[in-house]
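Here it is: the structure, laid out below.
Letters are used for the chains, namely A, B, C and D, taken in the order the chains are written, and counting of residues starts over at 1 for each.
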Amino acid sequence: MIKVGIVGGTGYTGVELLRLLAAHPSIELFVITSRAEAGIAVADIFPNLRGHIALTFTAPDSAAAIAMLAACDLVFFATPNGIAMTQARELLAAGVRLIDLAADFRLKDVDVWQHWYNMQHACPELLPEAVYGLPEVNRAAIRAARLVANPGCYPTAVQLGLLPLIEQGVVDIKHLIANAVSGISGAGRKAEVAALFSERAENFRAYGVPGHRHLPEIMQGLAQAAGQDVGLTFVPHYLPVVRGIHATLYGVVNDKHLDLQEIYEKRYANEPFVDVLPAGAYPETRSVKGANTCRLAVHRPQCGDTVVVLSVIDNLVKGAAGQAVQNMNIMFNLDETAGLNAIALLP
Amino acid sequence: MIKVGIVGGTGYTGVELLRLLAAHPSIELFVITSRAEAGIAVADIFPNLRGHIALTFTAPDSAAAIAMLAACDLVFFATPNGIAMTQARELLAAGVRLIDLAADFRLKDVDVWQHWYNMQHACPELLPEAVYGLPEVNRAAIRAARLVANPGCYPTAVQLGLLPLIEQGVVDIKHLIANAVSGISGAGRKAEVAALFSERAENFRAYGVPGHRHLPEIMQGLAQAAGQDVGLTFVPHYLPVVRGIHATLYGVVNDKHLDLQEIYEKRYANEPFVDVLPAGAYPETRSVKGANTCRLAVHRPQCGDTVVVLSVIDNLVKGAAGQAVQNMNIMFNLDETAGLNAIALLP
Amino acid sequence: MIKVGIVGGTGYTGVELLRLLAAHPSIELFVITSRAEAGIAVADIFPNLRGHIALTFTAPDSAAAIAMLAACDLVFFATPNGIAMTQARELLAAGVRLIDLAADFRLKDVDVWQHWYNMQHACPELLPEAVYGLPEVNRAAIRAARLVANPGCYPTAVQLGLLPLIEQGVVDIKHLIANAVSGISGAGRKAEVAALFSERAENFRAYGVPGHRHLPEIMQGLAQAAGQDVGLTFVPHYLPVVRGIHATLYGVVNDKHLDLQEIYEKRYANEPFVDVLPAGAYPETRSVKGANTCRLAVHRPQCGDTVVVLSVIDNLVKGAAGQAVQNMNIMFNLDETAGLNAIALLP
Amino acid sequence: MIKVGIVGGTGYTGVELLRLLAAHPSIELFVITSRAEAGIAVADIFPNLRGHIALTFTAPDSAAAIAMLAACDLVFFATPNGIAMTQARELLAAGVRLIDLAADFRLKDVDVWQHWYNMQHACPELLPEAVYGLPEVNRAAIRAARLVANPGCYPTAVQLGLLPLIEQGVVDIKHLIANAVSGISGAGRKAEVAALFSERAENFRAYGVPGHRHLPEIMQGLAQAAGQDVGLTFVPHYLPVVRGIHATLYGVVNDKHLDLQEIYEKRYANEPFVDVLPAGAYPETRSVKGANTCRLAVHRPQCGDTVVVLSVIDNLVKGAAGQAVQNMNIMFNLDETAGLNAIALLP
C-alpha cells in the first residue's frame, strides 16, 4: 500500500481527492492536514464521506503532522497557490514524492510565474525538475518524477482539445481562440460574494479577458507542442453549474481536405481518459460528471476553413483531483486507471 | 414628492428597494448610504439600475448623510439587525418616519427580542409605538405610524396563510405546522461559505429546527389573532432558487364541513396583494417572482380533518422591499398599489 | 456470474441501473430491451456509458429478446407502470426471478391498486407472492423471493424515516405528516411540458395533495408496522434539482422523555445503507447523490411533543435502481453492498 | 388606444408579450387565439397574469377570431415558423399591420429561407416589403412598415455586438466568430425530451454547429452592413438558465490603435435600449433579465489584434417580445420606450 498524505483537504479539490482515494485499492490514506478544521473528523465537514473515511484533520504545523507527512510515500497539496512551494524542499529531502494541485510548479519561467501569481517564488530551483502532470503529453516524465505540477482545469480541457491540431501543424497558431465556461466549484470553497448562489444562479458572464492565470499555462503547453510561441485568445466564463468545463476552440486550418476526425482518433487511441466522439457529436459536461474523462468532438462548420473543437471535463476530476490520482498511478507503476473507473453521473 | 432616504442599500433587500423606488411615481430618492461603497455609483454595483438611478452611495457617518437623512420624509433601513435601533430615536426626533426592513422593532417583548437576537436593545421605549407592518392585519395603525417594523419573509408567508383559520377559530392552535422553503437570496449578500453556489445548487436541506428567529415573530402574530398562545412547529429549508418562499401549512380543523375556500376568499376579498387561487390549485413561486403578491391555496386531502394551506411570496418583494413600499404608500396616503403593479416574471 | 436482463432501459431509472450494473463484480448484463431505441447502442443514448457498456437495445417483442430474457437469472423491469404485470407470469414460469422497479406489485390489495393506477391488474394472483423490496423491513422474504416489488422513491424516504417511531409505538399514528420534495428526474424522461427546464427551474410548488400514488404504498407499509391503519397527510413538491428526495416528517410523541436518537440508532445499527446522523444534524440531499444511502436525523424542536424527522435519499439510487441492486444482492446471496459502494458526489 | 391582437399566445414568447402589453399605456388587448387552449382564460395558463389580463383564448379558425383579428390595428404572431405567412396576405388586405415574432419574413432570399426552414414559402411576394425589425438599423423603415419581421434572439445579440466594427470597416469580415449561449426558454414551451429539466440542469453543450437557422439571418444583416458577404462561424450552446443570451464575439482588427470604446459609444449614443458598458466591464445576463436592454462591452486582450465583444440580452424581451413592442411603438409613433421601462430583476 502506498502511504498517502494530503495537505489542505477542506476545499472542493480536497474533498474530491478524498472521495477518489477512499475508493482506491492500493493506497493508505495516512494523514490529512487543515489549519481551520484541526481536530475535526473529515466526515463531519463532508458528510458524503461518512462511513468511508475515519480520518481527522491534523494541524499542519504540529510535530505529528510534520512527522507523518515525512513518512508518506506521496503527499498531495490541495492548498491555495503559494503553499506547496514553501514545503516542497523539505518533503522532497525526506524522500517524499509530491503532487501539487495548485499552480506553484506549473510554469517553467519563474519570472512569468511571479508576474501572474504576484508573489516571490520560494523554490525556483525546483522548477526545472517539476514535471507538468498532463499524462497525455508527459507520461514517461511523470513516471520518474519526484515533483508533479498537476495542471489547471481550463488548461487540461483546452490543451487536450488543441494539441492534435498543433502537433500535426495543420492550424494557424497565431489566432487560436479558446472560449471556455466553468462550473462554479472552480472558484473554490471560499467565502466570497462573487461565488454566492444568488450571484451565479440564473446568470452568465465572462471574466478575466485581459488575462487569466491559466493563459500562460496553456500557452506554455501549446508552445511546447508547436515548437514556437502561439497566439491565443482565452475567454473564460462563469457557468451556473457546480461541476463541468466546456471549451469551444476555434482555429483556421490550412488544408480543408484534412481528415480531422482521424487525426483526433489516432492521437488519443491509447489514452484511457480521452474519448473522441463520433463526427457530428456534441460532448456534454454531464457525460463526465464525477469521471476522469475528457470527451472531445471536432467540427468544421459549412466545410469552411474554421475548425471547431468541443472539449469537456469535470473540473474537479480530470481538471484536478482525478488527474492527480492518475499521475499518482503513473508515478507508482499502478494501473493508470486504478480508482478512476467510476462512470459519470447522468442525469 | 415624498423625500426618501435609504440606510444601507448594498444588500439584496436594498437593490430590490431601489428597483421598486426607481419606478415609483410619487417619491424622490434623496440619499442612500453605505459604508463599504461610499463614493461609488449605485449603478456600478447593481448594473440593472444603469440608466435608472444616478445616485452615489454616501458614507453613513458623514455630516452630509446625517443632514440629508434628517431632511427626508421617510427613511428605510435596509441594514442588518441591530442598526436601525441605534439611529431611530434621533431620526424620529427630527420628524422623519421610519420603516425598518430588519428585525429591530418586530417583537413587542424586549426580553424575547434580546433572547433571540442575542444583543441588548438600544431603544426599548420605542417598541410599544412601533407598528408591525403587515397591512392585511394592521393597515390603520400603519397609516398613522411614525415607525414601522417591516415583517420578515417567512412570517409574511406563514401568517397570511394561517390567519384566516385562526381568526375563524376553526383550527387546533396547539399543533400547527409550518414547513417552509426559501430561495437563497434570503440569506443576504454576505460572503459566507454556506451560501456559495456550490453549496446550495443541486442540494436541499432543512435548518433552524430548534428555533429560527422568525419563529417568535410568527407566534406573536398568530397569538394576537388567536387571543392566546399558539403551538407552532416551524421548519425552514434552503431552496436552490434565487427568489421565492413557499410555505406548506398544516392544521387540524374542528369541523369537516366548513367551506374553507370561502373563508379564505372572504378574508382577502379586498386585499390588493393577496390572491386566493381556486380550489384545487397549486401556487408556484415563479407566479410571484418580482411581484408584491402572496398567492394562497387551501386543500383538505382525502376530505379528512387536516387542512393544508399553500402560500407563496417573493421573499425580496412581499417578503421585504415590496411590502416596505406598500407600507410607505399607506403611511403617506398614496394609492396602496403605487409602484407595485409589476407582473411577475414567468418563466 | 448472474445473468441479468433489463426490460425498458431508456428512462432515468434505466440508465442509473446500467451505471450501477456496469460496475457490479458478479453480474453479466445479457440483454436490454427498448421499443423506441431498438438497434441503437446504449452508449449512444447515454454517453456517460461510453467505454463501459457495449450492449445494444433489442426490440422487446423480437424472438431474440424473448429467448434471452427467458435465459436470464434475473430480469429488472425499468418500465412504466403496467408493463411488468403483462410479462411476469411467463418469465417466472421460465424460472427467471424478477424485480419490478415500477408499481405493478407494490400494493397487496388489488382493488386499491386498480383504483390508484386506474387500470385492470393483469396478474392479481401474483400479488400475494410478490415481496415488497424494502430490505430494512423484508430482508428475509426478499432473499427467498421470485418476484420483488421495488419500492417507490417517496415511500422509501418516508417509511425509513417513520418506521422507528411507529414500530416503537411512541407516536400518534392518526396524524402523521410527510412533507416531501423530489428532484425532477423523479418525473422520468418523458416529453412533458410540466417537466421542462423552463417550467421547473427557479420555481417550486406542491402537487398531488388530494392523493399521490405513493400515498397508499406508504400507508400500507406504515400500517403493517403499526398493526393497524395509520392517518397520514402526504404533500409532495417539485424540487428544482435533478436528483434528491428530502422528506420532513412530523408526528406527535406520547412521551417527551424518550431518547429518540437512541431509538433511531438502534433500529438501523446493522443497516449498511441507513445512516443516522448525530443529534442536531441536518441531512442534505447532495450527501447521498449517486449513493445508495438514506441519511436520517431526528429533532424535537423546543423540547415539545412534536418530533421532526429529516430523511434524504437519491431518488434514482436508494429510491430506485440502487435499491433494486441491493435487492438483487440479497436474492442471490451476494454481499449486500456489492456494486453499491460509490461515495456520493459532493459538491 | 391601439387595438391589438395576438395569434398563438401560449408559448413563452406569447406570455412575455402579454406581460408587456398588460402594462402598456396605449394599447387595448382585443383578442388572443390558441387552438389548444380555446375557451380557457389566459390567466389560468399563466398565473402571473391573474388580476392583470381577463382575456380568454379564442379558437383561431372561429368566425369570431377572424373578425376580431381583422378589426385590429396590429396583430402579433407569436406562433411557430410557417403560420404567419399563411394569414399575412388576408390580414394586410384588411388593413391590419403585422409583426411576426417567428421567422417567416426574416430572410430576403426566398430560396435561402426555404432551404433553412425546409418548407415552401406561402407568400414570397411579401418578402421584399417586409421590414427586418431591428430598430437600431431600420428605424425609419419600421415606422412606415405594414409587415415587420421581428429578429431572432441570437441574431439580435450578435448583430448589435458586431455592427459597429463592421460599419466602421475595422475588422476582418472573413473570419468572424460568434460563440453564443442561450437560456432554455429559447427552446420554447414544447414537450421535448431535450428541453427537460433533467436534461439541461447541471449540464452544458453546444449544438447546431453545422448550421443553425439563425446563421443566415445574422449573415444577411452583417452583409448588409458590410456591403459584401461576411464569413462567420456561429456556435450556439444550451445554457442552464431560463432567460438570457450571452454572445462572445471575436474578430481581428486591422488597426491596433483604434479607440474601440469610442466607436461603440458613438454608435449607440442615442439608442434607448443599447447600453455600452465602461471599458473593462463584463455584462451579465441577469442585468437585463426582464428588460428590453442589450448591454455590450468591448475588450482587446493583451492589446493584441483580436477584439472580443460581449453582448447580453434577455432572449424573451429584447430577443423577442420586448423588441416586438419596441417595433409597435415605432410603427404607431408612440414613445419608443412606452411599456418597456421595467428594470431588470437582479438578483
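Everything that follows uses one rule, which is that a contact is a pair of C-beta atoms (placed from the backbone, for glycine too) under 8 Å apart; a residue touches a chain by one contact, two chains touch by 3 or more.
Since this is a predicted model, take the numbers as computed values, not measurements.
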Any chain in contact with chain C as well as chain D = A, B
Counting only C-alpha atoms to place each centre, which chain is farthest from chain A?
-> B
Which integer distance in Å separates the CA centroid of chain A from that of chain B?
-> 45
Report, in whole Å, the distance between the mean C-alpha point of chain B and the mean C-alpha point of chain D.
-> 36
At what distance in angstrom does the C-alpha mean of chain C lie from that of chain B?
-> 39
Could you list the positions in chain D whose residues touch two or more of the other chains?
-> 12, 185, 198-199, 201-202, 240-243, 283-284, 286, 289, 347
Spell out the residues on chain D that touch chain A in their complex, using ranges where they run on.
-> 175, 177, 179, 181, 198-199, 201-207, 209-211, 231, 233-235, 237, 239-244, 246, 248, 250, 252, 280, 282-286, 289, 299, 301-302, 304, 306, 308, 310, 312, 347
Touching residues on chain C, where the partner in the complex is chain D | 12, 183-185, 187, 189-193, 195-202, 240-242
Residues of chain D touching chain B in the complex | 12, 15, 19, 22-23, 46-52, 185, 201-202, 242-243, 275, 277, 283-284, 286-291, 293, 295, 341-347
